[in-house]
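The same chain A turns up in both complexes below, where it pairs with chain B and then with chain C.
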Partner chain A sequence: MAELEAKSMTDTQLRNLRRQRTKEMRLQLTGFSFMIFLTFMAFGMVALDFNATFIMGIVMLFAFIQVVLQFYYFMHMKDKGHEFAKLFMVVGMFFAIAFCVTFIYIVWIGQPI
Partner chain B sequence: MAEMKYNVPNEQWPEHPETATLEGKNKFVGFWTFLGGETVLFASLFATYLALKDSVPSSDHMLAADLFHLELAFVMTMLLLTSSLTSVYAVYHMRNNNFSKMQLWLAITVLLGAGFLALEIYEFYEYVHLGHTFRSSAFGSAFYILIGTHGFHVIIGLIWITGLIIRNATRGLSVYTAAKVNTAALYWHFIDVVWVFIFTIVYLLGVI
Partner chain C sequence: MSQATAKKNGVWATIWEYMTTVDHKKIAILYLIAGGFFFVLGGIEAMLIRIQLAVPNNDFLSAGLFNEVITMHGTTMIFLAAMPLLFAFMNATVPLQIGARDVAFPFLNSLGVWLFIFGGIFLNLSWFLGGAPDAGWTSYASLSIASPGHGVDFYALGLQVSGAGTLISGINFVTTIITMRAPGMTYMRMPLMTWTTLVAGVLIVFAFPPLTVGLFLLIFDRMFGSNFFIVEAGGNTIIWEHLFWIFGHPEVYILILPAFGIFSEIFSTFARKRLFGYSAMVFATVLIGFFGFMVWAHHMFTVGLGPTANAIFALATMAIAVPTGIKIFNWIFTIWGGSIEFTTPMLYALAFIPSFVMGGVTGIMQAVAPADYQYHDSYFIVAHFHYVIVGGVVFALLAGLHYYWPLMFATMLSEKLGKITFWLFFIGFHMTFLIQHFLGLWGMPRRVFTYLDGQGYNAANMISSLGAGLMALGVIVLVINIIITVAKNQKVGRDPWGDGRTLEWSLPLPVPYYNFAQIPLVRGLDAFWIEKKEGNGEMLPAESLDDFHMPNNSIIPFVMSLGLFVASFGALYFASGKEWAIDAVADLPVRPWAFWVLVIGLAITFISMITRSFKDDLGYYVTKEEVLRDLEEQERGAK
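Coming up: the complex of A and B.
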């Protein structure tokens, strides 16, 4: 079960830690505004009916940027001690891309066998 | 084994309360393993959807471009994205040992998530009304299983976070409950990650 370390922080340490966390939270907010911006851009471009292939590329790029922000900032993957988290997500992403590319190729692009 | 303490003074609250114990550390690694598996689960559903998109038996069935409304998808995206931020606030207050604010932000997260779920149910209801059902076409099956699995995750997340709010209401914050809140927040972020791909691949690329 849970136990606490006996050592306690001094007032200065605590204050510094709080300040650090506030700074971190500000960074999270910046990340969030950027995600909102990307969402607006993505929806806006589709609504304005740009060239389809161009939109496809840009919108997928925006999605990847948003997901990276979500992982690194919201899910704290940029912090220390996330090596395993990164390993699992990279393996998951590998399969994700493999599945999607395979299915799209077999059904929509390649010649029938 | 030391006794688990609730509502400890700020100077004794560890820097990373969610991984301050062995149990917390195990939960953290274990949950990321689970999220890796979830990625593969959703990947297979996305691949199926991409393969079967617009595969309908006859021309009187509606296709993606006729069905989807960008306005609704946009509002749903905003709700879920904001709820992701509010759960970041909950974790922020959890790390600052501020129990009441943590509960408040968790409650806001649940409300936003419930709003998202309500819109999704409305959307499904509309589509079924238009003849786009789970059994009407391969496109319908692939669509509902993908969006439905995501919606099911939202339901689980809502029950999970609501359960945490109620269970912890009287006992407060400890390194034990901190690990639980952190895990639930990770799950909620992951739901948002999946939604980013859904709104891009299914809705945005569906209407162009």
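Coming up: the complex of A and C.
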């Protein structure tokens, strides 16, 4: 449970914290604008009537980059103390992919392999 | 605050205290009582099955009733008896073993137990409200969609509610173990019970969502007119089988891993030796948990997945034998050369090794996919999983009950009656299930309500039923033992077994509601044992004596669960007699109130959630003076 009264910090500590937060903020904003840019690119390609297969590949790539950015920058996976969360997500994805592959091959396509 | 309520001695005050409690020790008792009740219920159902099958052409139960009884026996034993009883021991021990004052989310702990209790009651109300589910505990969709009446609806909704409780408790334990360990309690110093609870918690987090999804699809199909499993409308019943076993196989490990944990503690305590190969044990636990997710289709070899898919799952299944074998050998090496004390828990632990190995070996036999075509749906399978679950999990529950009883109630169960229970149960167990391997190989299919005379099954079935009677006798002796112990109420002091190794035994009995007056410093594996051998037998404190924070009691979890219980009735009767409903419920009388019951139930749940969100409940502080007073009292008691 959180302490109800916080201890006051020294000036140096406060300055360090501010600097850290500014840096964090800059990273967040850069990541955010990059993601907006990727989204614009995706919409732009569709609007400009590029080859459909080409768009599909590129958009999938963009989506993957966005997911990674989302996890690492906005959901703090890059920070310390997130090892367990990372482990859980990777293992969970591994299981989910295994399940999906089974469902697609065995249930959906329905051919015994 | 909880002091004030404890001082009122009325029955109602006690009941209110238990309804609102967020203390993990009291929640453990709730799990133990409710789980014990369902265990007896499932046991009675088992006895009905064995009476019906004792002689050929028996008409003790009708065919339909037999289906209901086997379904409820399986469902009750897995979801409402074995798992909650394991949760009882996890709640009772894990926070104490890692040196915490409570679990990470005490409110959620209480929510978990009440969801389980209401889900269990809902499922069992089916007996009085038009018939229990009858599609087997696996409830394969081809059967469960066709099952007439509301039986399967009770199954789907009851398990959904209690499953939500289990998922919540699983998350709670993972968080508790990761974040609330005492100073010095590194991962590789955690007792095996804590490790297995952690891995079982992780398995719950990953395995229960597929069950939730599967149950929701079933609920939608049966109650709200969807077509996921309805083949005529383009559905596919195999999806249910996959979803169920993606959950169902890890479920087996969710049950057996904490059982391994309990036995590991018992072996090292009563062999008076450090657990042999601790790090290999931890590694094996994690590996079993991981492999457990990759083998679900071995329950479906005969579905026709094709030889490649079968081969992959067969190999993955055989691979699990390796970490399990590591564990078995490590337990044997732990006993080897130890100074063994044959207490009741130790007897169960010793009996567990050969019993469980027998169940494991038949499991490997079934992993061979071509051979499994012969074993499938025969009594061989029944014998196999009862060897694993009774020989593994139930032995662990009975051992744990004797072993942790003093920790939970500060009294000791009678050793003499305990040993009588053990021998009755042990002999009865092998008598019941060993012969069933042969019944299966002779060709007796499982889930049949009777068999003809002259097929050579008579003698074996009679032996099996007599064995079941012995097990029932054993449980009756256990109940008598519990009643005598509670009536006598002879309190015991700290470390009642005399050889406690882990942190929980360093506490005074009964354990104070705040567990640790000062959070202890852990100096190695088997923290308490180290202090006994190298220190003065007292845990070193890791903090100075000061006020500390505890959570307030709350009735909200109870109300929240009650809301879902009410809503379940609404959902259950929603499709009754509607024209779009499936055939199974289409000719039942229409219940116009069903929709409103559903709405009211959900409203109760959501309003209590909103109340919880907006009401600031910051808990309270236990003062230094109170703790000092308690410590002084203990000192006086000790002298």
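Keep this in mind: the second predicted complex is superposed on the first by the 89 of 113 C-alpha atoms of A that agree within 3 Å, B and C clash if a C-alpha of one lies under 4 Å from a C-alpha of the other, contacts with A are read in each partner's own complex, and residues count from 1 in each chain.
By our rule, a residue touches a chain if its C-beta (ideal position, glycine included) is under 8 Å from a C-beta of that chain, and two chains touch if they have at least 3 such contacts.
None of the values given here were measured: they were computed from a predicted structure.
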{"item": "Touched partner set for A:A52, first chain B, second chain C, both or neither", "value": "first"}
{"item": "Which partner, chain B or chain C, touches more chain A residues", "value": "B"}
{"item": "Chain B versus chain C as contact partner of A:F84, first or second or both or neither", "value": "both"}
{"item": "Partner chain(s) touched by A:F95 [first = chain B, second = chain C, both, neither]", "value": "both"}
{"item": "Touched partner set for A:V107, first chain B, second chain C, both or neither", "value": "both"}
{"item": "Partner chain(s) touched by A:S8 [first = chain B, second = chain C, both, neither]", "value": "first"}
{"item": "Shared contact residues on chain A - chain B and chain C", "value": "1, 4, 84, 88, 91-92, 95, 99, 102-103, 106-107"}
{"item": "Sites on chain C touched by chain A in the complex", "value": "178, 202, 205-206, 210, 236, 238-239, 242, 246, 290, 293-294, 297, 304-309, 549, 551, 618-619"}
{"item": "Complex contact set, residues of chain A against chain B", "value": "1-5, 8-11, 14, 17-18, 21, 24-25, 28-29, 32, 35-36, 39, 42-43, 46-47, 49, 52, 55-56, 59-60, 62-63, 66-67, 70-71, 74-75, 81, 84-85, 88-89, 91-93, 95-97, 99-100, 102-104, 106-108"}
{"item": "In the complex, chain B residues that touch chain A", "value": "1-5, 8-12, 14-15, 19-21, 23-24, 29, 32-33, 35-40, 42-44, 46-48, 50-52, 70, 73-74, 77-78, 81, 84-85, 88-89, 92, 95-96, 174-176, 179, 186, 189-190, 192-193, 196-197, 199-201, 204-205, 207-208"}
{"item": "Interfacial residue positions of chain A with respect to chain C in the complex", "value": "1, 4, 84, 88, 91-92, 95, 98-99, 102-103, 105-107, 111-113"}
